[in-house]
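Order as written gives the chain letters A, B, C and D; numbering starts at 1 within each chain.
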Amino acid sequence: MSGNTFGKIFKLTTFGESHGIALGAVIDGCPPNIEINELDIQKELDRRKPGQSKYVTQRKESDKVEVLSGVFEGKTTGTPIGLLVRNTDHKSKDYENIKDKFRPGHADFTYQQKYGIRDFRGGGRASARETVMRVAGGAIAKKVLEKKGVIVRAGVMQIGDIVADSHNFSDVSKNDFNFVDKSKVKALENFFKELIKDQDSIGAKIIVNISGLQPGVGSPVFSKLDAELAKSLMSVNAVKAIEIGTGVDSVTMRGSENRDIISVDGFETNNSGGILGGISNGDDINIFTSLKPTSSISQKTTTTNIDNQKVDLEVKGRHDPCVGLRAVPILEAMAALTIIDQMLIDKAQCFDVERKS
Amino acid sequence: MSGNTFGKIFKLTTFGESHGIALGAVIDGCPPNIEINELDIQKELDRRKPGQSKYVTQRKESDKVEVLSGVFEGKTTGTPIGLLVRNTDHKSKDYENIKDKFRPGHADFTYQQKYGIRDFRGGGRASARETVMRVAGGAIAKKVLEKKGVIVRAGVMQIGDIVADSHNFSDVSKNDFNFVDKSKVKALENFFKELIKDQDSIGAKIIVNISGLQPGVGSPVFSKLDAELAKSLMSVNAVKAIEIGTGVDSVTMRGSENRDIISVDGFETNNSGGILGGISNGDDINIFTSLKPTSSISQKTTTTNIDNQKVDLEVKGRHDPCVGLRAVPILEAMAALTIIDQMLIDKAQCFDVERKS
Amino acid sequence: MSGNTFGKIFKLTTFGESHGIALGAVIDGCPPNIEINELDIQKELDRRKPGQSKYVTQRKESDKVEVLSGVFEGKTTGTPIGLLVRNTDHKSKDYENIKDKFRPGHADFTYQQKYGIRDFRGGGRASARETVMRVAGGAIAKKVLEKKGVIVRAGVMQIGDIVADSHNFSDVSKNDFNFVDKSKVKALENFFKELIKDQDSIGAKIIVNISGLQPGVGSPVFSKLDAELAKSLMSVNAVKAIEIGTGVDSVTMRGSENRDIISVDGFETNNSGGILGGISNGDDINIFTSLKPTSSISQKTTTTNIDNQKVDLEVKGRHDPCVGLRAVPILEAMAALTIIDQMLIDKAQCFDVERKS
Amino acid sequence: MSGNTFGKIFKLTTFGESHGIALGAVIDGCPPNIEINELDIQKELDRRKPGQSKYVTQRKESDKVEVLSGVFEGKTTGTPIGLLVRNTDHKSKDYENIKDKFRPGHADFTYQQKYGIRDFRGGGRASARETVMRVAGGAIAKKVLEKKGVIVRAGVMQIGDIVADSHNFSDVSKNDFNFVDKSKVKALENFFKELIKDQDSIGAKIIVNISGLQPGVGSPVFSKLDAELAKSLMSVNAVKAIEIGTGVDSVTMRGSENRDIISVDGFETNNSGGILGGISNGDDINIFTSLKPTSSISQKTTTTNIDNQKVDLEVKGRHDPCVGLRAVPILEAMAALTIIDQMLIDKAQCFDVERKS
């Protein structure tokens, strides 16, 4: 109810602040007999962690995960899995000068309003550092999905005006921008050089692709699969728009071109994004997420403080010029968590229904 | 879990099929001592019901609501409110010829896959007729919000290439298109004349605006207010994209222009759409939803049937050329239901925190 | 959250007041393809309804149920099942004289405190009449359980000092007391004659037996199967104690006699009541519930009113001398609802685990 | 859904096995601005921990708790509180000889059936060691309740045939049996001397008392306060019966003596146990729980193994002769967690209702 748990059957509960002692999670509802080891999780955490390229924040965190329970002799037992990552590089001093000030574009103002108290160090719980445990949970979700033949992938497809011509997920790990089209890397390098010099930041668009999912997953009406995915991905910091299949562009389309004709070999087009009536149709699910530019930039500005006075603001600390770059494994994790949860719900709903797999 | 309940504290549970006996709902968690009468609900249902203009389906339904419980001597008692609307104009015969066929763009295929059985009459539970009870529930949510000074409004802002120049919510009820800019009505009339002649349909974009909401509402991390709104509105039939404040356009923006500077008089801009870190900041919340064109058009096509054979399809029945037109009260209802639920959750979380109202 | 929904996967939501327009329910999460008709439900309602013998209240209600949705051509479709029973014999006049008075042993005082308003007619939502929809929901749960070989039965085993010597569930429908030992019927008749003459009421103990349940159902730690059953049965009006297997008597037992030795043919004794560590062990589940005597008796008394003044109270209306008699189908229903819900949860948790059936 | 989370608003999620690396918990939904320090929690853990007297298991565990998040400068911030206790004395070797055998009265058999795999060391997740985190969570719940004037206390009132004559909660901490009547201590010492010599164990009855709770807390129908308490306390290992106020004894009572007459000074008796219609009435809440004798005793027996063969069983390890003794702080914790959760739910339901406090 207070928002730190994701999922209904495969449930991820997380805790921890940016500059607190540790980040942690509990996964309750992971099926038994799944082979899991810390390396599976570490591999995903390493994709997310800071300092991976010169275009992301240089905070030094090893993000070393410890599995505390729920796995016995290399396999899940059906009991809750406890995960822990201790913070190491928490330079809280950086934040003393802004402890009473509200940074624009951040949750400082709203946390103060809501709770009447806040941990101001690095954004506290509202920091993107909170996503470490999303990725850890997603790593376990991916292991279960893998057994069921479902693959979740993501990649940046647009940064500012630079748009990918093609979506090659194999390109993603091979460039500093997690971009799905390596032919744009040179242009991106030049653009970022300029951007960093300007002490500014930029938005990004990310495609998330889910393949191998059988038809029948998702609950109609209020918990449609697209609705659950929209919530899941919108909950990631900086995400401002979600499109399922043909999204905003469907406003200008006619029904005769938008409806996906069904043939004996499957759907002829995929404007639906793989979901009809809130239920997976067996086609690829494609979700497009738009992320705003990082709000913390080095340019000075004015803002207000806790006493509603006008004050100068200079944000130090270490920030990403484009939060989109590091969002790729996080969005993959959220999509994976959503899909496995919905697949398990479907088992409870329709356990006796025979499906073509 | 099976998707027919919305909300956690103010909970709406709905039932009923397009061509079944009745549609109904239970609202559990409505605060006590709220003045409610059937007219409040009927007024909203009448905004949604078919046959209101020549641009919408002509199915004849009075959509007369009956309040069965939870209201005593004109006031809510805190016990669940039962609502009922009986179906009258259910011409099931129209659907006999497509009982084994899967209409493109509809949930026929996926319901059959999921459940192994389906009520094919008019889309059954997947019909837009399901939204009657969303609107009824939303009418009650609005009554509670009204007491708290919160107003929820919506209007169509784009149909095909016709885009509103301004967003005047007072225009909405004064034209056949629920459009927020009456200067476009003539152009829309011409466009629809053409569209109907073509036996085709068109997409639409709708703005939903929430004003008067105090800061502090929303739960961080996985249940951010924007995430809950995204889920809520994406669950409405035909919605394909959700943007909160500056959405897709934030991809091409820089941080220096996107972050909303805070002054002693409030936020200088509203790119955030009234939500920061998942919590309301006191500004207007603006959500933009993109709806696909109606999939059921009169143009003939081919499709598959339950035995995966290619078959001809001619959809009769009565359909809207633009589902967006009738979505306005539905999206308002969903936004209202989300906001009241989140306000009540906030009461439980932070009941002792003093807020500036 | 407001307490009118039972279950997590197989969810029953009910509404309606004793002297309101109707009682109703929504069952969301019933598996598809289950054969259901109104007679299945009516049969159970008829077991509960008033006026069945001279030892129960004589209120005249036909309790005729209408299935409004979720069933198509005789089978469930996986969509929510709407149920309705209209009230007919609501003599609200009987209650005018006590509208401001708090009847002892009833919820009058606490509803007024909680909500600041209450429907005083016949106890409103707090009336035992609320259980009509528990029984209707339970009837559907039983249909699903039947397919899985699970049988739920209950019977009165003690009334006052009259204790059953044996537990024959086949006796239950054959006497006016729903008693599991027909040899006690004569004694009961004599006892009730006296009781009614005294204008008094008496407590009762009911055994609920669940047979045919496979091992493995139930979720450890906070949602143990025994914990869920305790909540479920304790939620029925007048229930004051729950024992699982050997309950209160285990206080005086030694471990050497209490632990149920396991042999290759099964458990040698069943002190556990069929549940170990919160999970079914394949043995019969036995639950013992103690019900208090009816609080509404014809004897005059004093009480307080809404202004906390001392007032005389004479409760008219039509009341049961022993609420236990009519609780039998209600407790069966609650047990059935609990078990089917837990079986479906188990499907989601452990769908790949092979069980000996 | 998998049972490791307790509560709806004030949510406790726990993880950890008896002989695993650590036990941990997340509390999500604790109100902000509550003063908490590790000593508050440690004090309660020390009441529960083994080795406190010669009548309990001698396993050596310091049960030192670490608060990982959610508390900033000594106060809760409204973000989730992470808690960790590392296991130190886990002599797994003791369990190698029973790894394939099912101990009677334990969850070995049912975990193996349910999950197809289990951590056999010390009962794994099914061990009473799991309750460490219940007590830690309960300690925080108590801090919040304290601010609201609510006190939760418990004590043993019966062991075997030795029954307390009076219920003095101040006696509890002053004897080795957590007994509410110190006049029985000598008798208990003699009884336990015999019991330990016999290598046997004994059941116990515990009273839980909640005072200072305002009227109005609890949700009618399925989530009655008594139902929630029954679930909560029944979920504690070894609990076999729950009575609310006058429980099993109400079976033989008449309505004229059982109904609690209301006077202008309050209820004249308290057979209801402080709850009417599922809602607190302002009186003390009294709950009586019956616990079975420890199933693990040193006496040899036979049992079955994973291949359903008859085998000899000799349970070594370190066990309590009466689990009831150490259950006192655990039951207090569960009652405290239930009450704070229900109080917060009530805030959401009835925030505008004015109550006499």
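Just so we're on the same page, a contact is a pair of C-beta atoms (placed from the backbone, for glycine too) under 8 Å apart; a residue touches a chain by one contact, two chains touch by 3 or more.
None of these values were measured; they are calculated from a predicted model.
Of the two chain pairs shown, A-B and A-C, the one joined by more C-beta contacts is A-B.
Chain centres computed from CA atoms place D at the largest separation from subunit B.
Note on chain placement: the centre of subunit A and the centre of subunit D lie 38 Å apart, centres being C-alpha means.
Between the CA-based centres of subunit A and subunit B the separation comes to 26 Å, rounded to the whole angstrom. Between subunit A and subunit C, the centres computed from C-alpha atoms are 46 Å apart. Within subunit A, contacts with two or more other chains are made by residues 1-5, 8-9, 14, 29, 32-33, 78-79, 114-116, 125, 220, 345, 348-350, 353. The touching residues of subunit A, counted against subunit D in their complex, run 1-5, 8-9, 11, 13-17, 20-24, 26, 28-29, 32-33, 66-70, 72, 75, 77-82, 84, 114-119, 124-125.
Only residues 9, 29, 31-33, 78-79, 220, 344-345, 347-353 of subunit A touch subunit C when the two sit together in their complex. Remark: subunit A residues 1-6, 8, 14, 102, 104-107, 109-111, 113-116, 125-126, 130, 158-161, 195, 198, 200-205, 215-224, 226-228, 230-232, 234-235, 237, 240-256, 258-264, 271-273, 275-282, 290-297, 299, 301-304, 308-310, 345-346, 348-350, 353-356 touch subunit B in the complex.
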